[in-house]
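The following pair of complexes shares a single chain, chain A, combined with chain B in the former and chain C in the latter.
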Partner chain A sequence: MAEFAENEAVDFVIVGTGAGGGVLAARLAEAGFSVVAFDAGAFYRPLEDFASDEKEQEKLYWLDERISGGDDPLEFGSNNSGKAVGGSTVHFQMVTLRFRPEWFKSRTLLGYGHDWPMDWREMWRYYALAEDAMKIAGPVRYPWGPKRGRYPYREHELSASALVLAKGAEALGVAWAPTPTATLSAPRGEAHPCVYRGFCKIGCSTNAKQSMLVTFIPRALKAGAEIRDLAMVGRVETGADGRATGVHYYRNGAWHFQKARNVVVSGYSIETPRLLLNSASPRHPDGLANSSGLVGKGLMAHSNDAVWGVMEEEIRWYKGPPSLAVCEHWNYEDEGKDFFGGYSFMSQGPLPTDFATSLVSNEGVFGHELRRWMALYNHMAGLKIVGETMAQDENRVELSDEKDALGLPIPRVTFSYCDNDKRMIAHARAFMKRMLQAAGGSDLYETSSTAHLMGGCRMGDDPRTSVVDASGRSWDIDNLFVCDGSLFPTAGGVNPSLTIVANSLRIAERIIELNRRGDLAPIRRGRAFPC
Partner chain B sequence: MTEKPSDKPFETPYPTYDVLGKWDSPSFNDQTRRVVADRLSNPPARRFLEEAEFALLRAVIDVILPQPERDEDRRIPVEAFIDEMLFANRGSGTRYADAPPMREAWRRGLAGIEQEARRRHGKGFESLSNDRKQALLHAIDQGDVDPQAWEGLKPQRFFRHVLLKESVKIYYAHPYAWNEIGFGGPASPRGYVRLGSDMRDPWEAREERIPQKTERLSRAGSFRMPSSGRAPLKAAHPTSSVPANGCRWPSLRKTRRSTS
Partner chain C sequence: MSLIAHFSPRPSRKNRAARFDARPAADARQPPVSPSALMMLAGGGLIAASAAGWLLGAGGDNPPSRPARYAALGAALLAGSVLADSALEHYRGNYRRPAMGIAPLAAGATLATALATAISRRALTLKSAIFGASFTTGLFGLGFHLKNILERPGGLSFNNLFYRAPFGAPGALALAGASGLCAVAAENAAWRASEGTIEEDTGRILGLVTAGGMFGLTAEVGLLHFRGAFHNPLMYAPVAAVPLTGAAILAASVEPTGTRHATARRLLGATTALGLVGPLVHAYGVSRNMGGFGNWTQTLFQGPPIAAPPSLAGMALTGFAALDLLKRSAREHRHD
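Our next item is the complex of A and B:
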């Protein structure tokens, strides 16, 4: 791996190596720029470092304290925040769905939220590139949305839990599909196909899972980028002219400073606003990139409510990727909705502690009753939504007065569902109950939770209503970029990772183009972009 | 108080399954063996909670996750791992705005339980009958307590999102708990081959008894579970999820369990 000197300015410092920063590190290094990508977490080698054990693998989560308030406080950690090279993609559930095209102009076309500063047709090309880069295993024909090419790898065999969804969907007369999934259904290089061990959400120990750790990060290294792990960036420094000069980071017990010509913040929806807000300076008293006052605002999660039922047959949902069947019916059907936005839902396969925690926090059950309920584990099936929530300014990330062990302000997050969010959840619960019943489920019960994070540094066309432009470049500081899920103006009713990767590929191409026309801080000339 | 159905002791549907029997098989790799061996052989010693707090926590755990069928040396020591977590100050990533920091939440929550026991019954939690312990914890879950003792900590927030959640995260991460629910357990590098309904690889648990009914899920006893003779070889023919020519997912046909 290349190593760059701290006192020599690199072309790009990237803060974070997940679906945003990992992709950008690879593309910018491949274009010939010097790149140092920081991650607060460790650079794991899955074949040696990942155990088949939920407790042990908590090491992949961002478990630093965050204060969570509002009417519906978010739970952090496993469901939305990674701390490892590769970011949350190391423990994501591998569901890789494209946005419904209209969502990129949801304000104009659907009457809610904010428009994205690009068109779906532009994104469709990057979706295809992203799917190819991760060798997504998906069906030949996907039932929703505009035509798309074939997925690079064939779909996976359906597990019993996926077949429950399929059976219910067919009974109700709505479409379903094998989920496009980011784990190998055929060999790729030295990696063999998925062995269906089912521990996907806590890190894949066979490298079948196509996280950033095994896709874009190796590309970044090969192209000469440096990945500096176990390095917590605490502040972006700005000079007298107000432009970014580098980052302060904590590593090996001390604070260091890395000079840079450009800084990209890719820390996801909590850490990105936190870092920008904590980097306030005399020229930027409210934090960096914050002349709109929108840094940290418009934070979104997905509602993640679920319906569970007991099946007569054995399901044994611990086997295989947990969500191998999907229904996007209510993402594409607007008739009969009393809410804006959409939701998808998937079959489920939680590991024991994951299942137990949702059970006790929703039902408060304990004692022998709890042990009996848990012993139905192999007969359970479930359907769980990824439900779009509305962007609200009140849902936001701020800095609290309390400090963490490194002396950095602990973030305070506020989240409350709005009435629209609640109507969607009620609709989804009722629909999934009908479907699970139709599939033969009995003794249904429901749980609520949230998953994923989006927003907090919205991208847009207008400096007054967005933090960055269509290239991810801050309106206020021309050598400061944001590239991660915090850019989302709206949440969409699908898991965000694929859209983050596709958008990052798009931003990489735009940054390279900015440089080509002399509109970027690096003086160097990048190689031609090869795609 | 008459005995409620929930007082009936738990019985596993998988009495002879032992996930550790796969220790030397391709379902375990070295890193997993290391982690599981450590959990089994090195339960942490108490280092954070005071002795009285620790004894109280143990008594609470014995109501939340009672293990009467296990001898002391086979009991999953949930409280020891909670103490270890508190000692290391290793959080979950979330501090609810209506709750104090983790260590303080545990101290206040345990004190709240004890004081509520004394307020209601004039004696400490550990001296209460099992019924009263259960009723007390249920009351705490419902927020039916004297709020003063809780110093602003919301009883249900503590009970569900701190106490119960952390307890099950520890309990169901233990091989003995994997056994009782029939979980496949560690599965790397081998993984699984048979994914369809009612299909099982030879290295998975066999359901030997019908799962017990639960109070809440009253109809959950409707399994057609043979007590004997379910042909294990059925698992070797994973035909039910192989699509046939021209027909989309014939596997949606109801799969039947062999009952002969």
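Our next item is the complex of A and C:
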């Protein structure tokens, strides 16, 4: 791995190595730029470092202290925040769905949220590139949305838990599909195909899972980028002219400074606003890129409510990737909805501790009653939504007065469902209940939770209503970029990772183009974008 | 709170919790024998069937004609491939249904009969009956496998075609039976030819059977290699070569000319080579699974199937028999 000197300005410092920063590091390094990508987490080697143990694998989650408030406070960790090289993709559920095309213009076409500053056709091209880069195993025919090319790898065999969704969907007469999944269904390079071990969500120790850690990060290293792990960036420094000059980061027990010509913040929806807000300077008293006052605002989570039931047949839902069947019916069907937005839902396969925790926290069962429920574990099936919530300015990230161990202000996160969100959730619960019953489920019960984060640094066409432009470049500082899920103007009713990767590929290409036409700080070594 | 209201397993539903709590009976979950025992059984079956065929055939009478030998050896290769492959694949399904044992047993009987046919001309009627039975068993197998595919949600979907009972696999048993029948027909034709009758039709029929078999095998190989996303370029080789071979043998059967013969012969040679190299390539594929051969009790069953490719060579041998018959009859025509 290349190592760059701190006092020598690199072309790009990237803060974060997940679906945003990891992709950008690879593409920019491949284009010939010097890149140092920071991550607060460790650079794990899955074959040696990952255990089949839910508790041990919590090391992959971002569990630093955050103050969570609002009517529906978010819980952070397993399904929305990662702390490792590769970011949350190291423990994501591998569901890789594309947005519905209309969502990129949801304000204009559907009457809610904000428009994205690009066209869906542009994204369709990057989706295909992203899917190829991650060798997504997807169905031969996908029943929703405009035509897409063939997935690079074939769909996986349906698990018993996926068959429950399939059976229910067929009984209700709605379409279903094998889920496009980011784990290999055939060998790739040195990686084995998936062995259906079933611990995907806590980190894949076979390397079949196509996280950033095994896809874009190796590409970044090969192209000469440096990955500086266990390095917490606390502040982006700006000069007298107001432009970014580098980042302060904490590593090996001390604060350091890395000079840079450009800084990209890819810390996801909490840490990106936190870093921008904490980097306030005399020229930027409200935090960097914040002339619109929108940094930290418009934070979204997906509703992750679920319906569970007991099946007559044995399911053993811990086997294989947990969400192998998907129903996007209510993402594409607008008739019969009393809410804006959409939702998809997938079959489920929570590991025992995860499942027991959701039983305790949602239903309050304990002791013998909990044991009795856990005895049903191998006969349980469930359907869980990824439900689109609305972008509200009140849902936001701010800095609190409290400091963490490094002396950085702890973020305060406020989240409340609006009425539209609640109507969407009620609709989804009722529909999933019908489907699970139709599939033969009995003794149904429901749980509520959230997953994923989106927004907080909205991208757009207007400096007054967005933080960054279509290239991820901040309206206020021309050498400061944001590239991660915080750019999302709307949440969409699908898991965000594929869209983050595709959008990052798009942003990488735009940055390279900016450099080509002399509109970027480095102006050096840029070569043709090998796409 | 709502949970307790919704659900009270013990009183309401015939002691359901207790029922689920109990572990299922071992025989429903466990394979009937260990993987090592299975390998010994499959290997032993191959050896026993081959030995039986050799013993049955050894008797000192005149060896059969060359086309009959080719077709019989083709049938033996196909049957051997089915024996090993179905023994392993049905093991994955724990031989849950007794019918799953029929495939390796029928393949063993076909293998023995085919080898006997390659060595001796005796008892052709009985051999025909056995080959006919294998052919029929194969067709029934196709029906069973189709039913297995259709009964899952999705029906005739790619997911079910990829992962349920492989639709085309029992076809290999049917082809083994058909090749055996071809061997018997070739032997009868050779006998009639020695009596002065020209038997062009038999060669043609063997050619058509081979062509049909080649197209069927293409569909099966094509589907499964498509499932593997052709991740290795070698996976294109059989998908390209086998249908060409089918077309070439079809052309040579419809109108036997020297050029068509030569083309068909070359392609049959290529297909035979693929069938014989295939197990090595598939063995490499098995080694690509996690743990490689050190973890063979899992990876061998994860695939690709090592025993499957020789069926290509078996089918090609029957094609050689067809060409031989067609060539002989062409020669006879010239003598007229």
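Just so we're on the same page, the second predicted complex is superposed on the first by the 531 of 531 C-alpha atoms of A that agree within 3 Å, B and C clash if a C-alpha of one lies under 4 Å from a C-alpha of the other, contacts with A are read in each partner's own complex, and residues count from 1 in each chain.
Please note the rule applied: contacts are C-beta pairs under 8 Å (C-beta built on N, C-alpha and C of every residue); 3 or more make two chains touch, one makes a residue touch a chain.
These numbers were taken from a predicted model, which means no experiment stands behind them.
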(request) Answer with first, second, both or neither: which of chain B and chain C does A:316 touch in the superposed model? (result) first
(request) Return first, second, both or neither, reflecting whether A:140 touches chain B, chain C, both chains, or no partner chain. (result) second
(message) After the superposition on A, what does A:369 contact: first (chain B), second (chain C), both or neither?
(response) both
(request) Based on the superposed arrangement, let me know which partner A:460 touches: chain B (first), chain C (second), both, or neither? (result) neither
(request) Identify the partner contact of A:187: answer first if only chain B is touched, second if only chain C is, both if each is, neither if none is. (result) second
(message) Quick check for you: in the superposed arrangement, does A:117 touch first (chain B), second (chain C), both or neither?
(response) neither
(request) Would you sort A:155 into first (chain B), second (chain C), both or neither based on which partner it touches? (result) second
(message) In this superposition, which partner touches a larger number of chain A residues, chain B or chain C?
(response) B
(request) In the overlay, answer first, second, both or neither for which of chain B and chain C A:246 touches. (result) neither
(request) Return the residues of chain A at which the contacts from chain B and from chain C coincide. (result) 157-158, 163, 166-167, 170, 195, 206, 310, 314, 359, 363-365, 369, 372-373, 375-376, 378-379, 442-443, 445
(message) So in the complex, the part of chain B that touches chain A is made up of which residues?
(response) 6-10, 12-13, 27-29, 31-32, 34-36, 39, 63-66, 90-98, 101-102, 134, 137, 141, 156, 159-161, 164-165, 167-173, 177-178, 180-193, 195-200, 204-205, 207, 211-220, 222-224, 241-242, 249, 251-252, 254-255, 257
(request) In the complex, go through chain A and note every residue touching chain B. (result) 48-56, 61-70, 73-78, 81, 157-160, 163, 166-167, 170, 194-199, 205-206, 310-316, 318-320, 351-353, 355-357, 359-361, 363-379, 412, 440, 442-443, 445
(request) Write out the stretch or stretches of chain A touching chain C in their complex. (result) 139-141, 152-155, 157-158, 163, 166-167, 169-170, 176, 178, 185-188, 192-193, 195, 206, 208, 310, 314, 359, 363-365, 369, 372-373, 375-376, 378-379, 442-446
(request) Please give the residue numbers of chain C that touch chain A in the complex, ascending. (result) 1-4, 6-7, 9-10, 13, 16-17, 20-21, 24, 152-154, 158-159, 162-163, 226-229, 231-232, 285, 288-290, 298, 302
